[in-house]
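Each of the next two complexes has chain A plus one other chain: chain B in the first, chain C in the second.
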Partner chain A sequence: MLLKKAKAGALLDAIAAKERLFVPADDRGTSRFVAYGAGVEPRFDLLNTKLPPKDLLFPATETLYRWSRDGADLAIDSAFAETDPFTVFGLRPCDMASVDRLDAVFLTKGYVDEFYQAKREAATFVVATCAHPGRACFCDSIAASPHEAPTADVLLEDAGEEWVVTPQTEKGASAVEAWKPYLEEGDAEPIKAACDLKVDMAAVPEKLKGMFDDPIWSDIGDQCLTCGTCTFVCPTCYCFNIDQDVREDEGKRFRCWDSCMFTDYTAMAGGHNPRASKESRVRQRFMHKLTYFNDRYDMNLCVGCGRCMRDCPAAVDISLIIDRIAASEPAQEKEAMAHA
Partner chain B sequence: MADVQDTIRERAAALLSSGEVSAVIGWGAGRFDDVRFPLVVKRAEDAGKLVFDASCVQMTAKRLLEHTGEGKVALVARGCESRAVNRFIADHQLTRDQVYVIGVPCPGMVDPATGETLKRCAECQVRNPVVHDELVGDPVPEPKPYRFAEVDRVEAMSREERRAFFDEMYGKCIRCYACRNACPCCTCRECFVEQDKVGWQGKAFNVNEARYYGMIRAFHTGDRCIECGECERACPMGLPLMVIMHQQVRDIDKLFGPYEGGGLTDSGPDPLRTYKTDDIEEFM
Partner chain C sequence: MPKTPIEVSHGCARNNGEPYVPQVCRVIDIQEQTHDVKSFRLQTLDGKRPFACEPGQLGMFSDPPYGECMFAVAGVGEDYCEFIVKNVGFTTNHLHELSVGDEVGLRGPYGNWFPYESAKGRDMLFIGGGIGMPPVRAFLRHCLAHREDYGRIDFVYSASTYDDLVCKDDLFNVWPNEPDTHVHVSVYHAKEGDGWDGAVSYTAPYLEQVFAEEGLSTENACAVLCGGPSLFRTCRESLLKLGFAPEDIVTTLEARMKCGVGKCGRCNVGGVFICLEGPVFTEAELARMPRD
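Let's turn to the complex of A and B:
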């Protein structure tokens, strides 16, 4: 089945008439996944939105419960709510790979986060492949492919003027069934693009285990501002803080995105901070991205979308960091040389 | 600028190998030709990694504060970095003898996103270093372009329009604190936003928390801002932060002037913390 790009608007209108629909779009000079409606122009030509789609499943601020007090009566109410079905149309293969990572974090290893799960189960992900990956894109050597997205509900393969539409899950099949009036029979040749930028991750997770005291961290620390930009534009950074808003007789507890780049992220009662230095915070971020996550979930946490490289005010480049780690000598050899 | 780059490398190597400085702060080359990053060189043999061209968009001076105490540190300083050095001295963050300034007159940098002059350079009032131990390259003309166009635009707005302007601005803020971390005036050891026990700054992400952060930071830095524009350049969300800083510079000039911004000398004046009996008191 084919979907002519020029006719996508009619399909989007039809989807939006049934349920909430999110599309990549400009937003006040930046871009993100925006609720489709009057005045929203989808930007399927954007490679990556400035902000990733993670807030659709894991909002930047999310209330967990509320409490109120009336004399001696105390009421505590969960803020959990079922989520109505919604569609995310036009995310990229790297972003779909990021959803796989968030799934692993919030739904596996013995704990299911019900707030995440409700949104995840309500979501239908329609992934558009990339005909022209950007210069900072390196998904196909770390986590994904510009022309595939195995876990997407529906895959839209870019074939120039049209997309080749393939449902990949039951949810996707029923979505595509409903889209039929807007699709056409026929064949087109999908563009199978590859990224120019490649990284060699093969030895990186293991090598990093011996690099806790490597000079690389102070070098990156010298460069880095330790602002939170990379963690907030990253589609897979999932760390959060739990805080509260307390008024006299009512309050709420919420979770909100946090960043390992911030000093107060590891601030402890009594004033000690185990990651007081920039270098230790930078090390934590890349260790988590490139080795700790692999140990626990057996996959790379970085999906190669390039957002952090593009938006870092100090031009910290994770692909160069991977290169440097890949080229470094394993710690035991260094140690052997030191003893020689 | 190739000659300037060569001289910077030579001087960096000489300063490091003689032991006069323990580090040289400049720029290094990223993966792509238009990407440069703040680089701290600590060994003479790495001096060749320093670059200087129109892609050196970052104002690097804040790094000085992380390396003083390790011996004298050299800073490759354009007008903006040199004003930051003065700022640090006036704010007692370092003393003049802790820094060796390799001054570089600056022709203005290029925004890789647009190919045009970087906004902070297009508004720059001081291209030549105001303080230096040596100068690399010839002084450049100071065109002193008009920098209040955006202030004029916002001032001309109705109250409602202005409210909408700031709502849009802070509605986009992700509170990454890049502006604060890049700012040469933000040198508090502990920022108010991190004083959790006091709880000035809520952790939730919304326009109110963002606006509160932005306004407090603006007032904390208002009479010290060196107008380098690095906050605005560093902002990943493109907030027009300099409209607030320029507004304050102009207001201070009108109320307490003449005032042309901070960092022009190493002893202030910081008008909002300087009391004079003939200060204007129209609000009292």
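Let's turn to the complex of A and C:
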């Protein structure tokens, strides 16, 4: 089945008439996934949005419970709520790969995060492949492919004037069934693009295990401003804080995105901070993305979307960091050389 | 007969429904332990124990409108869970202002627990310092409640001064009267007129001294350790020096925690989360982890 790009608007209108629909669009000087409606112009020409789509499943701020106090008495009410179905249309393969990572974090390893789960189950992801990956894109050598997204509900393969529409899950099949009036029979040749920027990840997770004391971390630490931009624009960074909003005798506890780049992220009462230095925090960020997460979930925590490289004010470039790790001598060899 | 290896299980935390939302509990008892340490017994509003938990597990104690803090559960009774809290920051300062009857939030239990099954039959050497008491106390109390399952019990405990010793009643009146249970207490600094006439020593040298004087053996022993960063480092070194196998040294770690279920990201040591796979690890496991 084919969807003519010129006719996508009618399909979006039809989807939006049934349920909430999120599309990539400009929004107050930035770009992100916004609720489709009057005045929203979808930007399917954007490679990936400046802000990642993770807030659709894992909002930047999300209330967990509300409390109220009456003298010594305390009442606590969970803020958990079911989520109505919604569709995310025009996600890129790297961002779909980021959803796979968030799924692993929030839905596995003992505890299921019900706040995330409710939104995840309500979501239908329609992924549009990338015909022309950007200069900072390197998904196909780290986590994904510009022309595939195996876990998407529906895949839209870019074929120039149209998309080749393929449902990949049950949810996707029923969605596409409903889209029939807007689709056309026929064949088109999807564009199978590749990224120009490549990294060689093969040896990186193992090499990093011997690089805890490598000078690379102080080098990056010197460069980094620890502003946290990389973690907020990252589609996979999921670390959160739990804090609260107080209005006299009542309030709510919420979770909000946090950043391992911040000093107080690991600061404990009493003053001890295991990661007080920039060097140690930078090490944590890259070790987490490129080796710790791999051990735990069998995948990298970087999907090669390039956002952190594009937005870093200090030009910290994860692809160059991976190159440097890949080119480093294994720890044992270094030690042997030191003793030679 | 070969001894059973100490086995600490990880990732054994149990899903107790809503992991982030606390239940409302009532403070039923408060004891002033030292000038800056208080213990609190918490009970559900209908008079029950808030949760069943194993020795070494964690509970997230909150006092709206103030914050939430993770503590090792210091002990459980038929109808309460007990926490021992040192006043070190904003939230703990407010916890110290609680009165009996006040309602607070409690969620948990989180994390793994001490290997009390595989440690059966061993001589137990507990080591604690200052506010490192609560988890050690939970395991020690378990051993005392199942006294016949364990060999000789020694507890080496230190604090900065006599006034900083936590659970003095347990240390000086209760535990020394238990069968084959030996409590060794030192303080780092003796103060004029504080009534302390015992050992004045840092924990690690005191541990080595006690070990020699008491003629203790590592043969069929298990060491359990909890304390601040410096005590932790020096006592690990001492235990290894005394001849303990890294597999026979059991420790419990702490870190800043927010979620308690391995999601929020901050309490990792390498690829493991202290709140979920920990907080209990053997020295052998720690040695394989990055020094994070």
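Just so we're on the same page, the second predicted complex is superposed on the first by the 335 of 340 C-alpha atoms of A that agree within 3 Å, B and C clash if a C-alpha of one lies under 4 Å from a C-alpha of the other, contacts with A are read in each partner's own complex, and residues count from 1 in each chain.
Note that a contact is a pair of C-beta atoms (placed from the backbone, for glycine too) under 8 Å apart; a residue touches a chain by one contact, two chains touch by 3 or more.
All values reported here derive from a predicted model rather than from experimental measurement.
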item: Touched partner set for A:256, first chain B, second chain C, both or neither; value: first
item: Touched partner set for A:267, first chain B, second chain C, both or neither; value: both
item: Residues of chain A touched, compared between chain B and chain C (which is higher); value: C
item: Partner chain in contact with A:188 - chain B first, chain C second, else both or neither; value: neither
item: Touching partner for A:241 - first (chain B), second (chain C), both, neither; value: both
item: Partner chain in contact with A:106 - chain B first, chain C second, else both or neither; value: second
item: Partner chain in contact with A:317 - chain B first, chain C second, else both or neither; value: first
item: Touched partner set for A:75, first chain B, second chain C, both or neither; value: second
item: Which superposed partner A:60 touches (first chain B, second chain C, both, neither); value: first
item: On chain A, the residue positions that both chain B and chain C contact, one per complex; value: 241, 258, 267
item: Contacting residues of chain A [partner chain C, same complex]; value: 64-65, 67, 69, 72-76, 78, 80, 105-106, 109-115, 212, 238-242, 244, 246, 249, 251, 253, 255, 258, 260, 265-270, 272, 274-275, 280, 284, 287-288, 291-293, 295-296
item: Chain B-facing residues of chain A, complex; value: 27-30, 50-51, 60-61, 135, 197, 222-223, 225-229, 232-233, 241, 243, 245, 254, 256-259, 262-264, 267, 278, 311-317, 319-320
item: In the complex, chain C residues that touch chain A; value: 11, 13, 15, 18-24, 64-65, 67-69, 86, 88-92, 99, 101-105, 228-229, 254-256, 258-259, 261-268, 270-272, 276, 290-292
item: For the chain B and chain A complex, residues of the former touching the latter; value: 28, 30-32, 35-40, 58, 62-63, 66, 168, 171-172, 174-178, 180-182, 194, 196, 202-206, 233-238
